[in-house]
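Which chain is which? They are A, B, C and D, in the order written, and residues in each are numbered from 1.
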Amino acid sequence: MTVALIRNKDQHVSVRRSASAWPIGTVGYLVAAIFTGFCLFPFYVILTTALKTETAIFAWPPVWVFKPTLQSFYNALFVFGGRSAISYLINSIVISAVSTILAVVLGAMAAYGFVRFRFAGKRHLAFWILSTRFAPPVAFIVPIYLMVQKAGLLDSHIALILIYTAMNLSLVIWILRGFFAEIPIEIEEAALVDGYSRLQIFWRVAVPLVRPGIVSTAILSAIFSWNEFLYAMVLTQSRAATLPVYLAGFSNSMGLAWGEYMAVGAMAVLPILVFTFAVQKYLVRGLTFGAVK
Amino acid sequence: MAEVQLSGIHKQFGAIRALRGIDLVIPDGAYVCLLGPSGSGKTTLLRCVAGLETVDAGHIRIGNRNVEALEPFARNVGLAFQNYALYPHLDVRGNLAFPLRAPRRRAQFDDEEIERLVRSTAALLQIDAMLDKPVVTLSGGQKQRVALGRALIRNPTVLLLDEPVTHLDARLQHEMRVELKLLQRRVGTTTIHVTHDQLEAQALGDLIVVMRDGLIEQVGSPDELCARPATSFVAGFVGDPPMSLLQVRLEREGGSLSLRVGKTRLRPGERLARLLDGFRDQHVEIALPAEDISQGHGGDVQTVSGKVQAHEWVGRELQIAVMVERTLVRLRTQQRLDLRIGDELAIQLNLTRAHVFDSKTGRRLRSSPN
Amino acid sequence: MRLAVQRRRAAWVLIAPAVAVLLVLNLFPIVYALYISVHYWTLARPQPPRFAGLSNYVDLFFDERFRNAVLVSLKFIVLAVGIELLLGLGLAFVFNMRLRGIATLRKLTLLPSLAMPLVVGLAWFYMFNENFGLVNWIWVMLGGTRVPFLTQGTLALLSIVAADVWQWTPFVMLVFYAALQALPEYVYEAARIDGLSGGQIFFRVTLPLLRPAILIVLVIRAVDALRSLELVFMMTKGGPAGDTEVLPWYLYTTGFLSLDLGYAAAMAVLMLALVTVLCQLFAGLLESQEAAP
Amino acid sequence: MPRIEFQGVTKIYPDGTRAVANLDLVVEDGELLCLLGPSGCGKSSTIRALAGLEVVSEGVILADNNRIDHLPPQARDCAMVFENYALYPHLTAFENIAMPLRARRLPVPEIKRRVMEIARMLHIEPLMGRRPRQLSGGEKQRVGIGRALVREPAMFLMDEPLGHLEAYLRIELRAEIRRLQERLGITTIYVTHDQEEAAAIADRIVVMSGGRLQQVGSFLDLLDRPVNRFVAEFVGEPPMVFLPVERTDTNSISVKGVPLQLSEPLAAALRATKDTNLTLGVRPNDISVVPPANEHLKGVVTLVQPQGSHAIVAVSTPGGPATVIVPSDWRPAAGANVGLAFAGERLHLFDSTARSLLHNREDSNG
């Protein structure tokens, strides 16, 4: 008997069982569970290693049951790296937050502009902006380094903020263009007749209607800024240095402080794990929208 | 309230000439229906009056002001869209109050004035019980009422309606038509109502403007349209079922005139003979309302025959479409005929009330004064 | 034309800010990179940069390490993206099945794609460690002898590929899952009414309709894989003997370790050229794809 | 072509909604039956259950007396036309129509011959090379019909096929569908929410509401002998007028004090029931406007809507609003006081459970 894996968003077509020994559902479930385990396991490794004592970390065979200690976290936060990790954490938060806000506001305005207005060169401009998403950042590091140096902005927050805004802009515009295009034009025409100007319609009608899009692009921008490593390492040393720079510092010093190393790693990853779970549904829509559209 | 005057309106979208010179006067307080098939330019004309489209040429006067260059807001028009275009993120009260909260009107309405107007408008449209409901949860009829409320709340000089009831199911359509007409009578706003449904236009329009390919075919009251269609297009468009249009050849032997339809020769009857007396052309187009066409032989009234194309029950009447000389002739009968598609059917034509048109221009022949 | 004047003004007010940011931080750096690449420009010696014509490019042509970097990058992309696409597509079907609880599993699998790449490098660096790494532990448990993953030729590249596959397969799976969900439901119903078997439906309906999504994911992942640097930085630093010296790493070390900016800029220009050509190819293919289905 | 029979068919969706409740229905061999009802009345679920797209919760579906409700769609030899056309977006019109034949692995020349033959019948030969995106709504639906008929199915199911088309196209296509069905003589079930379409296309119409079968009959049966208030209100344009009725004694009733003359069958039905909570139903074309007099219900004309050969007049009466059809040559003015006379033999009386008294009487002895 054939196996019909027909799924259906609205629930009523069921899966036809195949006659073989392993019902397809169980096999599917098993594969999904194994893959999910594979995805989560490294996070488990980071967290447990950060909580292990020195000996437990290097033990062979690896120790699974151990008495957790916060020593590594304490050292990472207050002892290592001259200044405490707190300032790196704050820099990361400030820089990704400000660059996200800038990217989303400018991006939303531009996306709306592209969807609602016709003007000369629109297709070319849109294609160029789209292509910036594909430009590998490493190709820009040399010229941007010299530009920032000449502007005297090395090791400054503003440099990273502007660069991250530029890097996130194309994704924000690409995703929000899809969301804005879904708004029926009549609703905006009704607002026009009701006495609102084009820009007021943008703020009062269009933006509220794409709130899910704005939330998901904000999340994605924040995550990409938080995770960025190359520019942070090249353009900052201490004052504006972010978490990745602190983490990179560990590997250079090669002092095998694995516990502290993992503690900082955990700090860098945990906020995202918690954050994503809270706003998960926006995220998926934004991520896929950007890709599938 | 105000009279609307349209003069020399032209509008083109790339190659398509949507409006090819419209001249129309809409009396103050009148309920006027723009009637025409899709693509006739009726919606474009409405959008030009609203200011959502700029006119390429011509003037639009509302009351005593030329408004063709003004943006929609400055024209003080109210517009109810075909698919309602309500603000999905607001509830009913939010939708009704939205126009009053426009920044440009900040000075005119304070909060409790807005609330008062919202309540009175909601009462007028019997939606005062659902002011706090989100609009997405409303039914089609309720959404239409909110859309009307939003258009009327700021007392527009002209109310524009774009196919307001065509989306509703049959029962609700009848109900909303009555309400729309009574509401307009009570509010008295000059109203322009666009529709493709000729029965709707006849039901609501004090005046009906029949449009085709960007031009006005005829302006008249519902009765005028049925009694004296100005062109063969109007004749073919109005009436339930629409009038049948027949190409007829004129044959004159020894002073007596006869009309040839395919193989059969018909006597024109005294009125038509006088009408066609001075007419030189070989061909004429005649329009016959369904009431003047009946089934079967008998009597001196002439008969033609053709193949049955379709037979449909509409209410208690059987509507039959017969193909005669490449034109569809539609008739109604109460009898229960056992018809199959393709059967040969003889039909009688009573020409006494036939309308006659010049087959080249489609315009109605000047009937001699009778 | 709609109310022309007012619209054009509003359009520019909306689009100008985003375009300005991108001009300064995307278009200008490309021009500046070209300018730098035609100079001997180094920070190691104090004297100002000297015009060098195309010599940087000529040197690149004969530079053994550059050719190796390009080769390693291509190997990395083909391996990583290839596995990610196959695994992702297969898993998309598994996660697309109507099973209770599979939705939560699907959400959990998203986490790797959002984690900080540097930390992903750290985790796998620890797990691939020769002495106390978990991978070796499992390998030994299965009867194998310890393997120097990160320090032995092709194995080093494979471990980088493994880390990249771990991080980005979930993203690929998610995009395919979204594409599957976006397939019109009624087409499947019509197919079953037409009497198509499960196999016929898969090959004649599902796969052809997924072609656009496959293409888009291929390009996104290929370009993104080209720019990843963190894994190499954390795990192998280009070693052993250049086996994992991907192009971005070689560019970064040339520019910021040996401080030869001119030469690095030349590499950047070539990389940008390669990506732009790839994008044009992709846009063309997508256009024909749009017309095709 | 099979004779289809639904026996006690029920469909309950996982979220508990009872889309189809205990449906007993027979579709004769070669008949064109129409399922008519408002959206959400279960008509689509019924046809999808027959096609196998929905699994039947209870009851049995028979085709020529053998069960098919447990078979997958592939094995039921029924073809379906969908409201949104359901064409394969990535295939040309030719490939779309050929797909059912490819599924049966027929030789290529035969597939080509049969596809071109059906294309000629539907006047869509020039469209064969185009993709669905390049076709108009009407053209897409013709391809959809071609795909359904090319495999000469035993059953032909149509789920609101003309829902998205323009008015004149709907009239054209439904005439063509009827011609096709008459020529092929294939058992066909046509689902629609538009009563005009139902009357135009089908000999027998099944009215459904809330998942239940309300009435089966010709359009005239539904018009003149509705079994309950739902059918009476749903069928007929403009809709039936309902007025509250007082029961003065066992065999006479009045509307706001105005006595009603009843036809013999209706009077007998009235005597047969003791229910006092009755409602009068009368169609607008069975009411005539007369000068106001005591023996007629009085009312005030609120609105006159000219409709060419007749006019629709809205009258407010003490019993509530009424609609009357008057010939166009005599029309009352708005605001005029008028009397309403009811055609005795065309009245309907509904009891407190909204069932028609006439219907109950027929039931009891029919």
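Convention: contacts are C-beta pairs under 8 Å (C-beta built on N, C-alpha and C of every residue); 3 or more make two chains touch, one makes a residue touch a chain.
Everything quoted here is computed from the prediction, not taken from an experiment.
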item: Required minimum of steps from subunit B to subunit D, each step between chains that touch; value: 1
item: Centroid comparison with subunit B (C-alpha atoms), farthest chain; value: C
item: Between A-B and A-C, the pair with more C-beta contacts; value: A-C
item: Inter-chain centre distance, subunit A versus subunit C - centres from mean C-alpha coordinates, in Å; value: 15
item: Rounded Å distance, subunit B centre to subunit C centre (Cα mean); value: 60
item: Computed distance of Cα centres, subunit B from subunit A, in Å; value: 56
item: Junction residues of subunit C - those touching two or more other chains; value: 6, 192, 197
item: Touching two or more other chains - residue numbers and ranges from subunit A; value: 4, 11, 14, 197
item: Residue numbers of subunit B (touch at least two other chains); value: 51-52, 71
item: Parts of subunit D lying in touch with subunit B, wherever the complex brings them together; value: 38, 166-168, 175, 178-179, 182, 193-196, 199-201, 218-220, 223, 233-234, 236-239, 285, 302-303, 305-309, 312, 314, 323, 328
item: Residues of subunit C that touch subunit A when the two form their complex; value: 6-8, 10-15, 17-19, 21-22, 24-30, 32-33, 36, 91, 93-99, 102, 105-112, 114-120, 122-124, 126-127, 131-132, 134, 137, 166, 170-171, 174-175, 177-182, 185, 188, 192, 197-199, 201, 213, 216-217, 219-220, 223, 226-227, 229-230, 233-234, 248, 251-252, 255-256, 261, 264-265, 268-269, 271-272, 275-276, 278-279, 283
item: Residues of subunit B that touch subunit A when the two form their complex; value: 50-52, 71-73, 77-79, 81-83, 85-89, 98-99, 102-105, 150
item: Sites on subunit C touched by subunit D in the complex; value: 184, 186-187, 189-197, 200, 204-205, 208-209, 211, 292-293
item: For the subunit A and subunit C complex, residues of the former touching the latter; value: 2-9, 11, 14-15, 24-25, 28-29, 31-33, 35-36, 38-40, 42-43, 45-46, 49, 57-62, 106-107, 109-110, 112-114, 116-117, 119, 125, 127-129, 131-132, 134-147, 162-163, 165-166, 169-170, 173, 197-199, 202, 223, 226-227, 229-230, 234, 243-244, 247-248, 251, 258, 261-262, 265, 268-269, 272-273, 276-277, 280, 283-284, 287-288, 291-292
